[in-house]
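Note that chain A is present in both complexes that follow, paired respectively with chain B and with chain C.
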Partner chain A sequence: MLRHKAQSARSVSARVRTEPRAVRIVLILAALGFLALFIFLPVVIVFVSALQKGWQFYLSAIGEPDALAAIRLTLLAAGIAVPLNLLFGVTAAWAIAKFDFKGKNLLITLIDLPFSVSPVVSGIIFVLIFGLHGWLGPWLDQHDIRIIFAVPGIVLATLFVTFPFIARELIPLMQAQGIDEEEAALSLGANGWQTFWRITLPNIKWGLLYGVILCNARAMGEFGAVSVVSGHIRGLTNTLTLHVEILYNEYNTAAAFALASLLAFLALVTLVAKSIVGWKSQQQLKAVEQSPPGRKPYEN
Partner chain B sequence: MRANLVKKQRVIPGFGLTMGYSLLYLSLLVLIPLAGIFLKTTTLSWAQFFETVAAPRALASYRLSFGASAVAALLNAFFGFIVAWVLVRYHFPGKQIIDAIVDLPFALPTAVAGIAFTALYTTNGWIGRWLAPLGIKVAFTPVGVILVLTFIGLPFVVRTVQPVLQDIQPDIEEAAAVLGARRTQTFTRVLLPMLWPALVTGFAMAFARAVGEYGSVIFISGNMPMRTEITPLLIITKLEQYDYAGATALAVVMLLVSFALLLLINTLQWWTRRQRV
Partner chain C sequence: MRIEVQNMTKRFGAFTALNNISLQVQTGELLALLGPSGCGKTTLLRILAGLEFSDAGSIRFDGEDATGQNVRARRVGFVFQHYALFRHMTVFENIAFGLRVRPRSQRPARVEITEKVTNLLRLVKLQELAQRYPAQLSGGQRQRVALARALAVEPRVLLLDEPFGALDAKVRQELRRWLRRLHEEIHITTIFVTHDQEEALEVADRLVIMNSGEIEQIGTPEQVYHHPANAFVFHFLGDVNLFRCRTENGYPLIIGHVTPEQPGEAEENVAEKAFVRPHLFNISTQAHGVNEIKGKVVHINPAGPTVKIEIMSEWGEIVHAHISQEQYAELQLCPGAQVFLQPKQMQIFPD
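== the complex of A and B ==
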């Protein structure tokens, strides 16, 4: 009898918390239609257009020397930007999460700054410094060092736009974890590095990987900022995204889409990896939240 | 007192090293370059500055950039809300895949999105060919710009509304129902006010992202001065004509707008958090 009552109470609760069946169906269809139009179709057309001239053409478009050079440059830029921003992310998160100091919120806001800057503006700030008409331009020119319209400029622009990705994943995670475990390790005689490698790093590994995945996707996909600093020299300063633009503007649509399909594939891989790692990272954060709250860092 | 003394002695090492390195890296890569652009504008006179940023071509580009971004953010607020609602409240097959796919605009390079949308909406494209007989042109018009900007900002509203909706306790809606509210009343009087801060935050984020967007827009917009030219493209045009002063002036305008939006978004997030507690 009691159980019956509980059950009917639950079903009443479910009923008052949902909409009539017709409304539900309309809303689901609206959501799916919106996503189909804005996400599904654009991805499908990339792959269909890439293969419009057959596999033979597809493979030769990707194997073409300028395309390979563009792929290499994209890998190089991401290969430098991701590790450097990873190092920064870990050190910044350590300083912010393990210690208390004045102006912490301001520091966090400043770290997020590159997110709100337009990619084009991100490129221009480096042209104004290192370009021929920039502050260091004449000096660099005298010493025959090229940064703008050369590979270093592309690396710098990529570093700038991907700057916050790893730090912003790690800061909240490490803040939630507190300093208990590190303190215990230190009091048992471990030194600082041992504590970091054996205690902190295992605790943050999923959050860290999540940040790396996002950072890498943006580094390989950046367009506006690198477009400003690259100079578009085929085979030399064209990244993959810039090469897609050049081919497209030359009406070589099939080749442009062939290279674009590589980037779209990378995006899909990123989404899958992000879902798996994001889930693991959530578990790690939940484990922290269920244990008693970690001790706050010391007053500075 | 004694506890205080003990506390003052830091056990965790590395503050100097990590803080020092973080500040150095932040300054070299972000703060000094950003400060540089403001310094550069001081070499312009006010008259020069205003002449550049208030030129008819610049004004037309602001209208398109801000107007199209606002419409795109509104579309995202409306449909993003529905997507978030459906993902949290209803069950249907493939829901988890749909949930993951919402983030695609964050992962897909903007240039790829740009050529994909252009291919879909040109007069012989998959969608464009059905719109052309109706007299609707999308590619190379402001409508096309709105569409790609909607794509770019799509995840923001979904991802801000979703967690707040998830946290709403069932008893709130039950109480409303028990007190005699109809479902629509519960929605407009109880749920919507709770979700409002998150919705506005998502709108502002989508808008801020769209205003600065470049890669996806330039393919579909056709880039006609005064008609379909966005501000970031105008900056690049000036740069390519070696008009560094003009490019800098417009870049500073864009930067100031993004800082203002950042401040607004931070305030909105604070409001959201307060609402949730």
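== the complex of A and C ==
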């Protein structure tokens, strides 16, 4: 199959070479032009606008107490959401790929739910549950627990929106790997814990890392759901994205772009890390595909 | 180790994989579980290993009940069909795994582990490949690593699932002779699953022939080949031609082929089937008399140690016959020639 693919790739490139030179140049320029206009230019503008009032202003905009509070809150939300989703993602993928049980398809559908629901709607769901007039609102109020318009709400919203990233990345990988190696480890006397740490985890590590990177990028960049539950209290419940919006609405463009540049920088770092790890995890999946098919649970 | 299986039943949903199986395996024996795919042989092996659990019945290891024991407690060596080597570990680490995961009190010292793995590598003749990864090995080499890995934990019994299934014909031949020799060397009770009757007959001390969840026959290769218990066993152990026959004066007489329906002929004395192996025919170009099948040669394949001939019989079905090269040269057969086939030996089973 691989050889077949290589051959068809060669024939495609041969056909491309028969196109007139002018056509090729026009096509390449069109593609590059689009890229420049819609991707490169905005990123450049972010950094240029951020620095329009000079380095001094840039640094003081970032060092401003409300901005620092927003950065801290964003890091906190991501710092809680990513590890929890990591734990959940691994458990869910493990259960789905290695065992057969009733309601498995329902679980897979539920994992995808945050992808299909608009973030704003997810935010409103939390307001309806935990808000003052929501289901649990009166009880929470009595016990003086604040979730909506407070940090717990922001963490919950972030958690919900980034829920599928790691599980979605791991399920196909673990399904392709099957349960042969785990069974082999057990038959050699390893216990469940040893089997997980020594066999399962090394086999999924690149896919896992890839999921973590995507999950983290989304957790830090989330706007819609967080905006609904936050209440926009400066220095208390503003995340980085929300703070950028506030500054922009106050016509403080340079400061808004200074903070936005942090998010843009995060995006660039994510992109590089993603392509390196993505390449590695592709290698891992390819290695699985080339080896014989693994045994699926309950297959006879 | 002696293994006793008693009245074992296993179902997967509506499918019955094993139906009330009983079986005894003697210490040091090399036993083959043979049968067509879906007959339950792999399920039986996995239940013996503790990777699957039966719905009813019991297993005893050396007289001790092991029915509810999990795979760790049973101390069996299991070699998977596709080897299931740990892909992120070297050959050395794969083999050492079972020793490294032992509880600290039972774990051998580092030096001991190295020594043991080195000995096993020598046993399976892979000393130079210790630092390779599974992906860098050939199928036969992976198979041997899997075997060494299973042996490292000093299992009480070795279980192999289709050990040569994924290998090409040449390597397979070599490996099964090697397995035979290895077994003579270390003499561990070994059970292997196969669907290849040639492999089972060549390697095993005893065969268990299975069909749709039940045992058809248990015996030595000689017993099952020469004294098959029933039509299934006979059919499964080699190529056969199937005829209808009638008993006349105490002798069976071929009167046609077994076809699904033959109206008006289902009388009391035609209810028998005769099986003839392709190499047990006398072929001649002239009629000799009793119990002969008249036919026309339709195809000849002279490649190989015997010449394989397809003959269209007078009843309109193909009969397969194998004759020696000398006989072929003598008869000077060609497609279209008329021949007479006389069975040298027939096996009769009641329908």
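Here is the rule we go by: the second predicted complex is superposed on the first by the 273 of 300 C-alpha atoms of A that agree within 3 Å, B and C clash if a C-alpha of one lies under 4 Å from a C-alpha of the other, contacts with A are read in each partner's own complex, and residues count from 1 in each chain.
Just so we're on the same page, contacts are C-beta pairs under 8 Å (C-beta built on N, C-alpha and C of every residue); 3 or more make two chains touch, one makes a residue touch a chain.
Note that the structure is a prediction, hence the values are computed from the model and not measured.
In the superposition on chain A, contact is made by A:163 with chain B only, not with chain C.
Shared-chain residue A:180: touches chain C; no touch with chain B. When both complexes are overlaid on chain A, the residue A:57 reaches neither chain B nor chain C.
Once the two complexes are overlaid on the shared chain, A:265 sits clear of chain B and of chain C alike.
Ranked by how many residues of chain A each touches, chain B and chain C are led by B.
Touched by chain B in one complex and by chain C in the other are residues 183, 186-187, 191, 298, 300 of chain A.
Contact residues of chain B toward chain A in the complex are 7-8, 10-15, 17-19, 21-22, 25-26, 29-31, 33-34, 36-37, 40, 79, 82-83, 85-87, 89-90, 92, 98, 100-113, 115-117, 119-120, 126-127, 147, 150-151, 154, 170, 173-174, 176-177, 183, 186, 208, 211-215, 219, 232-233, 235-236, 239, 242, 244, 247-248, 251, 254-255, 258-259, 261-262, 266.
On the side of chain A, the complex with chain C involves touching residues 180-181, 183-191, 194, 198-199, 202-203, 287, 290-295, 298, 300. Here chain C touches chain A in the complex through residues 12, 15, 17, 38, 42-43, 49-51, 70-72, 75-78, 80, 82, 84-88, 97-98, 101-102, 134-135, 149-150, 152-153, 166, going by the rule given at the top. For chain A in complex with chain B, the residues that touch the partner chain are 13, 16-19, 24, 27-28, 30-32, 34-35, 38-43, 45-46, 49, 88, 91-92, 94-95, 98-99, 101, 107, 109-114, 116-121, 124-129, 131, 133, 135, 156, 159-160, 163, 179, 182-183, 186-187, 191-192, 196, 214, 217, 220-224, 227-228, 241-242, 244-245, 248, 253, 256-257, 260, 263-264, 266-268, 270-272, 274-275, 297-300.
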